[in-house]
Each structure stands twice: as C-alpha cells, then as structure tokens.
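Everything below concerns the one structure shown next.
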Amino acid sequence: EEPKEVTIGIAWPSLGTQAWSAMADYLRWYVEDYNAENEVQVKLIETTAGDDAAAQETQIRDLLNQDVDVVVSGAIDTTAIWSSITETHDAGKKFISFCRRLTPGGPEADSTVGPDTYDTAYVSVDAAIKKMIADGIPAEEIKIVRVQGDLKDQNAVRYGEGCEAAVKDNGATIVADIECNWSVETLMNKLAPTLQANTDANMIFTPNEDLMLGVQSVLEGKELWKKSDEEGHIYLAAAGGCEIGLNMIQEGYLDATGYENLPQVSTNTVDVAVKLALGEEADDFFVKSEPITQENIQPLLDENHFWVYDYAERTK
Amino acid sequence: MEKRMYFEARNLHKYYPGVHALNNVTIVADKGEVLGIIGINGAGKSTFMNALAGEICIDKGTYYIDGKETIIRNQNDSGKCRIALIHQEAVVFKDMTVAENIFIYNLNKYTKAGRIQYKRLFEDASKYLSMIGADIDPKEIVKNITIGEKQMIEIARALVRDAEIVLFDEPTSSLSLDEKENLFRIIGELKQKNKIVMYITHFIDEIMRICDRTVVMRDGCVTGEFLNEDVTTKELVTGIAGQEVETIVNATDKRDKEIVLKVENLNCYPVVRNVNFAVKKGEILGLWGLLGSGRTEIVRNILALDKPDSGIVYKRNNKGILEKISGHKLLEECAYVTEDRHLDGLFMQMPIWKNISMANLKKFEHFIMDEQKERDYALQMINEMQIKASDENVLVETLSGGNQQKVVMARSIGKNPDIFFIDEPTRGVDINAKSFIHKKIVELAECGCAIVMISSELEENLNLCDRVLIVRNGEIVAEVAKKDISKQKLMDLCQGIREEVKYE
Amino acid sequence: MNIKEYFTKKEKAFSNRKDKNFLLTSVILGVLFLVAIAIAKPQFYAFRNLSSILIQSSAVAIMAAGQIYVMVSGGIDLSIPSVMMLSGCIGAYTMRETENIMLGVLAIMMIAILLGLFNGFSVAKIGINPFVATMITMIFSNGLSLRVTKSTSIPVLPKFTELFGKYYGPFHANIIMMLVCLIILQFLLTKTAFGRSIYAIGTNEKTAQACGIKTGKIKIQVFLISGIMAGLAAIALTARISSSSLSLASDGTSLDVIAAAIVGGASIKGGVGTVLGALIGAFIINGLSNLLVLFGIDYYTIQIIKGAVFIFITWFDTIRANARRV
Amino acid sequence: MNREVKIKNMKLAALNNAVYIFGILIIAVFSVMSPYFFTVTNATSILRASTLMLSIGIGMTFALIVGELDLSVGANCRFSASVCALLMVNYKWNPYLCMIMMPILGGLVGLVNGILVTRVKLNAWLVTLSMKLALVGIVVKLTNTVAINMPQEVLQFRNFKIFGLSSFIVFILVVMLIMQFVLKYTTFGRKIVAVGSNPNAASKLGLSVKNYKLAAFTISGIFAGLGGMLICINLGSVTRELGDGYEFTAVAAIVLGGVSLAGGEGSVFPKAFIGVLILTMIENGLTMIGADIYVFQIAKALIIFVMMYIDSKKNKI
C-alpha cells in the first residue's frame, strides 16, 4: 500500500505576536515529527494575511487553487470567513477553524481547534478575586480596571468577556475600561489617569502579560508596585503564561495568570486535519486553560510544564 | 596684444533642448562701467547672467577675470569671483528676518560659541540698509514686506559680499518711482566705487539714463553694441526690434456708454477702503497709484480672491440691467491677468497649450476635450504673440520671463471676455510684444469689452486709458478724464501733492 | 582638466535619445522578468491565479483611483480605508435590520458621500490642511465603526453577496466593478474639462483660481469622488467576504492605497498621476505578494522585499524623468 | 474706520494664539469635569506620557521645516530600540553603549532615507513608507515578536529623579530646548529654515539643499531612535506595536501646534511641544473622565476638528 499524502493549507491571520509565531513553529515541528513516524505524509502550504480580512479571503482561494486537502484558517473576521468555508466545501475540501470560534448562523467549520480565551481570562480573574476574598477583602469592595486588547480582534474581545463573567460571578465590579490596541505605551498613557480618577481600584486585569510591563511602569511611578504580601499591593491578573508573567508570579507581583497550552493546539490541529482528510469524523477541540498562581507555580515549573521555556530552547 | 578688460566672457554657448540659448556670446566690461543688456524676449539675457552667477553652467566658452582664465560652474565659484546677481524675482526666504536674509552667506561670522548674535546681526543689517537708502526694519519677517523692499535685500546682500561685478536682471519691473530713483542712485554709487554693473532692462529710457555702453542680444547672439553717447533712442529701438515700433494710442472716444460693472462700498481693512467706481462698455479704466497703494487688492476683492469685509458688485446682465453678482461668478465670466506670474499667473509644469486653454476650458469641451483644437489655438497664439518656443509642447517653466508673460496674456485674450482685469500687462515684455499687447487691448475695448487696467508704467496709462482713477492707501482719491491725463498730473495726484478731486 | 573638453562633451548631451533608450531598457527588463517567472513559477500565469490577483487588487485599485484624484489635486486622503470600513459596517447593519439590499447599498453610499463631502468642506471651505482634515475623518470613522459594530462582525444578506460578490461568466463581480470605475474615472480625469481643472489645481491652485476655475467646488468634488470610491470599495469588499467588521481596513490597506497611487506615478505635490497608473500600482503590489507567496516566502520577508521593490520602481521613474530633462 | 482695523487686528492676535487659548480651555474643561485632572501628579503623568511623542515630534519638526515628511519614524523607533535591546540582552553588550546606539542606529536609518530622497531623488513619501514596511519586517524576523526586558542598568534612569521628575523626562525636555536653540540660534538651524522656506531660492544662492534635507532626515531618524531609548527606560521593555502609527499622530500633533506642513515655519519649542502636550492632555482627560471606549476616538476626532477649525479662521481674516 502506498503512503498517502495530505496537504494542509494554512491561512494565518498574521504572525506578529509571540503566541502566533510559536503556534506556527510548533505546528511545523510537529509535522516533521509526524512525517518521520507515520506513513501518511503531511505537506504544509502557508500564507499570512497581515490582519486583512479581504486578503485572507483571496489567500484561501489561492490555497484551494493549489489543491490542498484541508484548509486551516485563523479567521481574521469570523463572519467574513463564511464565504471561504462555502468555497472550501464547494471544492470538496475540509475546513478547520484555528483558534477562533466562528460566528454562528453561517456554514460551519468541520472542526474548530483552539484555546479558549474566554476561559483563560475567566480562570485567571477568578483565581485573583478568590485570593482577594481570602485576604479579607469583601467582594463588593473589589474594584477592577479591565484592559482590553484590541476591540477589532475577536479573541481579545473574548478575553474581556471572560474577565467580566468572572467578576460578575464573584460579585465584584469593573470600575474602568481601557482600550489599548495591544500597545503598551497606550496602556501606560491611559492607565495613569484612570488610576487617578479611580483611587479605589484595587485590581488590574490585562489580557496578556506584555501589557503588565506597562502596568509595572505606571505603578512604580506611583510607588504602588508592591509584592502580594506588602502593604498597598494592587492585585494583578493576566493571561498567557509566558515568560514575563511567570517571572512576575515567581517574584510575587502578579497574582494570577491563565495558562494557554498553545503547542497542544498546534498538534491537535494536525491530527484533526489528517483525520478529516482521510475521511474520518473529527470533533471540535478546545484546550482548557488553567490558572497559575503563586501557590501552584513551583511544582509546575519543576515538572517543566510551561511551553515557553521549551520554545526558547528550541528557537535559540 | 590689446589691453584686456577686467571682465571678459568669450564665446559662450549654452544649449537647451531645441534652443541654442547662448550662441557664441562675447561680452566684456571694464571697471567703473555700467553695461546695459537689452534685447527681445528669449534673447538669452537672463541665461547669460545666470551663467555668470553660477546658477547654470555654460556648455562652452571661457571667462577671464583680471586677465586670468576662470571657471564658473556653481555659486561658489561665482562668489569667489565676487559676482553678485540681483534677480528679476527677488530670491528671499519668506519665513526669516530681513537681516538673516541679507547675511545668509555670512551667518558664521556672527556666530560666537555656536550662537548667532542677533543683536550684532541686526545692527549691521541696518547699517547696510541705510547705506542703500532703504528704510526697512531688519527684524521684520520677509513675508510682510513689499517686492521693492525684497529687492533691497538682494542689493544689500551684494554689498555684504563686496561684489566687484553686480548684475541686475530687470530690477525695475516691480519698483515704485521712488524706489527706482533710489536704485539708480545706488548704481551710480557702485560706478563711483569702480565696480562693474551689468543691467538688463526692456526700457530704453533707463538704458539711456544710466548705462555707458549697451549690448543688444537676439536669439542667443550679440547683434550689436553701442556706446550710449553715440546713439539715439530711435536707433536703439530699431536695433532691438529689427524694425520701427509703432506706439499704440487709444484714440476712439467712447463716452456715454452703458455701465457694465459697478462696485459699491468695497472695504477690506486695512488695504481697501470704501471703493466705489463704475466701468462702461468699451472703456479702458486705469487704476493708478504708487506701488503698494492697494490697486491689486481692490481687484482681488472685487473678484473675491480675497475676502472683502463689505461691498457689493453689480454687473450688467443679458437684459441690460445691472445685477448683483458674486465675486466667484464674476471671475468665471471675466478674464483676469495677475501681476505675479510665478505666484498665480502660470502653471509652470504644464506645456504652453494647456496653459493657454485653461481659462477657457468649456470652449474646448465638446463632450470630451478637443485637444487638437486646443493645440491649434495655442500655435496660433504663439505665432501672433511671437512667443519664442519651438512648439506648443514646451513647458512654461523653461520659457524666458517675457515669453511667460505673453502666455498669460494669450490665455486671457483668448477668453474674449466682457470685462477684463489686467494687472501689469507688460511687465518684462519686450518692445515688440508690448506694442502687440497694447494693440490687443485697444482692439478688445473697441469690441465693447470693459477693461480695468493696473499699470505702473506711466506711458501705458497715458496712451491707453479713457479714464484713470487715482488710488492712495487703498482709497480712490481722484478721477482723471482722458482729456486731463498728463504725466505731471498723475504723478502729483498719486503722491498727494495735488488737491484731491473726490470721485462721485 | 581642460575646460573645453569638459564642455564639448556636454554639448552633445542633449537629445531625446536617452528617453528612447530608457523605454527600450525598461520594456526589455520587464519582459525578461515576466519570462523568468514563467520559467520558474508557471503557476503564476494560471488563469485562476491571475484572476485571483485581480480580485484581490480590485478594492485597493478602486480606492487608489479615488486617492489619485485627491493627489492630482494636490491633497492627500488618509481616510479612504476608514471610510470604506465605516460605510461597510453601517451598510451591513442596515441590511441586517431592514433585510433590504437596496437600503443597505444606499446606506453605504450615503455614509461614504457624507464623509467625502465632510473632507471636501474641511479642506476647501474651512481651509484645514488635507493631511489633518482627512486624519480627523479617519479617527472619527474608526471610532464610529467601533461603536456601530461593538467589535463584532455583521453578516450581509446572501442576495447582496450574490449580486456583487459572485462570478459573471469568468469574471468576478469585483473585477467588473473595478474596470467600470477605472474606465469612467480615467475618462473623467484625462478627457474632460473637469479633469483638466483638477490637474490645474494640483499644479498651481492660485493660478487656477485666477483663471476662473472654481477651486473650492472642484476640491469638494474631488473628495466626494474619493468618498464614493471608498463606498464602492466597501460594496465590493463586503460582498466578497460577505460580512462587515473592523478588519475590513487594516493598517496595510491604507499603506497599499497610498503606495499604489505613488507607484503608479502620482506625486504628493500634486499635478501628476493617472487612474491607470493607480491600477497598475495596485497590480504590482498584489501581484508581487502573490508571486512571493508562490515562492514560499513568509509574510514579513515579503514586507521587506516589497519595500525594496517600491523604491526600485520609483527610482526607475526618476531616471525616466531625468532622461526627459536631458 | 480705525475701529474696524483695530478689531481686525485683535481678532488676528487672538487667532494667532488660538493654540494656547485652546490649551487653557481644555485644561479648564477637564478640571471642571474631574477633580483629579488639575493636580501635580497628573501633570507629571501627562509629561511622562508625552515623552515618546515629544521625541518623535522634535525630529519630525525638522523634517517638516525642511519641507519633507518622514513616515518611517514609528517603525524606526521600534527598529532601533529592538536591535539594540537584542544586542544588550541576548548578546550581553554593554547596556549603556546600547542605549547610546539607539539614536545612532535611528540616525543611520534616517540617513538612508535622506540619501534615497536627496541623492537618488525619490519621492519622500514612498521612500519612508517603504522603509516602514521593511523595518517592521526586519524587526519581526529578528525578535520573533517576543518582548525584550531591559536590565537594571536601564531601569535605574526611571527611578532616578530630578525635581521630582524621572530623569528621562527632564532629559527630553532639556534636549527639546537644545534643539530649539539649534533651530533658532545656529547657522545650521537657520539654513535648515532657509531651505524649507524657499528651496528654489536656497539652491539659487548656493546653499546645498540636498545636504540640509539629508541632515533633516537624519535628525528625524535620530529622534525616532531616541524615542526608542526613552520608551525602553519608561517601559522597561521593547514590545510589539511600539511606535505603531506614531508617524501620523506626531504629524497631527505638531501641525496642531503650528508647524507648517509646507515647510519653513515652525519651532520645536513652543510649537511642537504645545501640540504634543495638547494631544496628550486630550487623551489623558478623556481617560480620566472615564469616556466610553466606544466614543473615545470620536470625541478625540471632534476636539481636533474644532481646534483646526478655529486655527483655519486666521487665514481668512
């Protein structure tokens, strides 16, 4: 029996962030390993749209022109992608939505694989609030400044929603929103006045850990950058589980972060793609997030749980 | 060997695409001499001076200064030879002070420990300015001063550089009478100081008055040389134009005609004050005043190119009734020749034919633009106006100053308007073309066009106008009818020497 | 150095020879380049691929055509992609609420026209610098789109997609729309008095005014056209991707629109440029990306190469201009 | 009649100082709306927030004065900061050296821009736009978009205070005054103004237009790099999105302050400074009164529009 070949066409939205370039790298590495171990050979064709929904639409068509078996796409616009899905299906191919839940109501992807940013934010904020309550702050006195990444970005929006849900469920309140377009300078410029206007704010949530650097800079300026056990500490929750966040937790500044196991997303994508290409059924797959706190971080570090260190090692 | 002159330019050649702008030009001058250079438009006069100033580089030829062969390829070489050029359009930096403009080459000398010492700079600037009799505040930003004053800056700049050879390219074309006198005085002083002055102009009387010797150019060649003592004005004119030039005089009498344009209570503080006048059909109305008296501003306000503070303009409509009209509308229906072709007269980067048809696009539009018709018309005007250009596709920026002015006139004449505003119709135009333009203006008037003309040339006012309004400080202070127009009267009135005859 | 030798060389220098030589070289170079691609990547010439490049270029080309008008008149419109996005979002919103395509199209064009007029008035009547005026519109439209969509994406009606986003014969509706727009705009710009006036304003606004050209009105019209083009681009794009969201206009889009215009020969200083040039510019930009993707080059390297190629193309253009000028 | 002239002059005077009046108005309005706005702490945080844009704005002022536009400053800022930060962190170069290298590297990029514009005679917009594309591409390739954290040597500048202000804020304010001095009181500065004011005249008089333009581009690059340095100190790391879109914001800010896009007119202090300050204040004030993030940009656009509207009045009188 001849070894089969599966061509996967990937339409990345953009690889301008560490998370995305890491997922792309893990995916490529996994394919190498996969080809070495399996009879089925996987071939990758990649394109990147630079956050331009229209460009992505054309690129998916280009991929179909190149006769891929499965289209994997991190949709820039979760509705705009409908037309591409229809087109993929019309061509008799399969479609996997990568890291994005599609807007309901249109054609559905054959499978959706990704982390759940809503969940990530939820577990992190939830852990932080629980800690505050444990520290003796009544829930109604917990006032949160919520930082939004980019309101144009579905995943970013879902971080915000996750945060809001966790806040509601615990009976706390959000006192201010900051939109920063993922830009740390913008965050800094807006956070300072926000804190001034909301002197009672005692917790800050940022949807990734890079943004915490801006929070650090602002808090240092106000002499509020304190460890958890110090007087005047402002509780901090983030999302991601990358090096900056993990360091901040170990140093005792950051109270919680939501860990996203990105390599698992990549490996699952390839598995699902091969299944679909071979005509099998495949389910949606969401990598669950887990809260990382100052209490539980050490054992996890010891067992080499975090992908960032592995990634740094491999890309050296 | 004969005695060499202090300055010699021998066998200069300069080629432009399609034009041999300097063709074996030899011009010499000795110290203490004022040399006039005259010739029809496009003769190569400016090209010659620009070459000396190092602004362009000649293709062939040699310069001798003090008997030594010298290369002049750029402004630095020229500066080293102590040559200074006073440009036709003053070359100044509008956002800087007068003093900085004067000392732009020498700012280093006023720098101490890296810091420019403005106090010393201003003091020295006043010194130089008073030397040439110019009353300008050295701290003033150049934006806010008049054209004549800008020219003074250039002269002061030449003095600062202690130039041995001072070149003037049509300096009087935008100077007031006083400023002109002052300039002649300065030239006299330069001559006293044993400098060489070379002087381009289209005015024979100026040549006769200040020059010792005159070189006549035509089509890139030197065609004649006269010692001014030995020549009469008439000979000179024929030498330049190749023929005798007729003086056009507006002889027809057009009184009691209907009014086509009426201006009431036009105000734009502080430059235009309470202006009232009317123009009749077929009339040539002159606006006469000193430079900066506000004549240009009056016209610009009528046409709403500037925003007037108050005022109403009436124009006769088809039914023969005077009707209120907005400036924009009027501007569309009339033709307007502006005074400064560089600023708002021409589209420098466009070819001649596009420039000529631009005021008149609708006439050439038959669903689409009829380019052939436009070109034909342009060619016709090029011939009629004797514009020196190889064809209609030549970019206007490469034309000589006078030829550019002809293009502006050609455009407006082609519009065949009812009302014609002309600001300095013949600035920088040679005597042939001047006579032609005058003829055109008179013809237009005869066809029933009402013409409002601003001219700083007395002759033009004397010969062409049916009526002259005297403008002083933005106000119309007097009206002179055709029969009363005289040189002395106009001069006196504009300076306020004579009593005002209020216009009603 | 002997001065005479130095100058005799220059005497011969002038003629149009250089221009002809230059044209020949660029044509030969271009052909060689295309042949080289044909050998290395024949897929590039596949009908589907070329059509895909055309489809992708269409929205950019339509917007660049609007940009050309503004640039020829001596201004710049930074707001085109944002206006496109806003009108697309409001159009989709209207369609969702009313279930009516015509109302949707109407809403798109209304918004685009309104904002175009706003730009025009700010520049021509109020006298704000076009750079700043259109930037205000850009910020405003971005903000309002955020408000309207609340950062979700809004699907358009399927019939709308069918009408404006499907193939007619071998041609995608977007391509047809682009060609129609371009032909009309190119005609307007080069063959009519209106177009000539735009060039006049870009070359010297004061002269144009003194010639009796209604500069204010024409500038407003020019911005109106760029607004309309933004609206049409919104129709093309929303139909093609069957929804509207904030991702319609990325940073890249605004750069592409300006770059297409400049690569196509327009100048920020005004007075030059043609719609055809904008079209070619848009093709070059998208064709280049497409080609490089075929070679398997990653996105960020493509960006670097793109930058270099833009510079190279304008450099070529400069040589040509210099050749003309002796 | 004299009265009318006087009124006209008064109007003109008011409009000429419209920026300042507007600035005071903004302060007044926000002070009323939020008790926290008009405080020393907030003044400090406004200054701090404006440092990066101020630095870029200073450089951009030189480019605008000479009559050109540099659209690569944002990317250049990120590029120089990233490259030097990489050298510092991954290759363990001396941190102080690397800090100094940031403006130098930025200057080099500016120099390349300048050479392409003045020597190869390319369109400045396209050159700087292309440069922006290329620089961002290079940065992504080099850093893999991972944020780079600064070592302690760099961060100490943040905590070192002069007159209660972080040293880097004082530094940029001093640099600003120095650059204004250069522009106003040195031969070099005046010739830059001359070239921008009338390039034709400059070349006729034999000033090297090319060289001054080249210098302006280089300065613009240096200050983009310096901006990178300041943000490294202020933020303690180089992250993605740094400087993104700053070219347009900076132009808007300094044009608001009264620097002319046509060249020749403008100053680093007060014009560019005021512009940057006002823009930062608007952002600060809107954040402080808790403006809805959905209307934030709309409000900002409207405020800028009103300001430009008032500003435009002065040309019409």
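Points worth noting:
A, B, C and D label the chains in the order they appear, each numbered from 1.
By definition in this document, contacts are C-beta pairs under 8 Å (C-beta built on N, C-alpha and C of every residue); 3 or more make two chains touch, one makes a residue touch a chain.
Since the structure is predicted, the reported quantities are computational estimates derived from the model, not experimental observations.
Using CA-based centroids throughout, the chain positioned farthest away from chain C is B. If you average the CA atoms of chain B and of chain C, the two centres end up 42 Å from each other.
Chain A and chain D, compared by their mean Cα positions, are separated by 34 Å. Between chain C and chain D the centroid-to-centroid distance comes to 29 Å (mean Cα coordinates, whole Å). Distance between chain centres (mean CA atoms), chain A to chain B: 71 Å.
Under the contact definition stated at the top, the residues of chain A that touch 2 or more other chains are 15, 151. Residue positions 146, 251, 300, 303 of chain C are each in touch with at least two other chains.
Of all residues in chain B, none touches two or more other chains.
Across the whole structure, chains are in contact as follows: A-C, A-D, B-C, B-D, C-D. Across the complex, chain D is touched by residues 15-18, 21, 148, 151, 176-179, 181-185, 188-190, 192-194, 196-198, 210, 213-214, 216-218, 220-222, 244, 315 of chain A. Contact residues of chain D toward chain B in the complex are 1, 4-5, 8, 181, 185-187, 190-191, 193-194, 196-198, 200-202, 204-207, 264-265, 316.
Residues of chain A that touch chain C in their complex: 12, 14-15, 45-55, 57-59, 61-62, 65-66, 76-83, 103, 105-106, 151-154, 157. Residues 78, 122, 126-129, 131-133, 135-137, 139-140, 142-144, 146-147, 150, 251, 255, 258-259, 262-263, 267-268, 300-304, 306-308, 310-311, 314-315, 318, 322 of chain C touch chain D in their complex.
Chain contact summary for the complex, chain B toward chain D: residues 53-55, 74-76, 78-79, 87, 91-96, 100, 104-105, 107-108, 111, 114-116, 118, 267, 269-270, 273, 307, 309.
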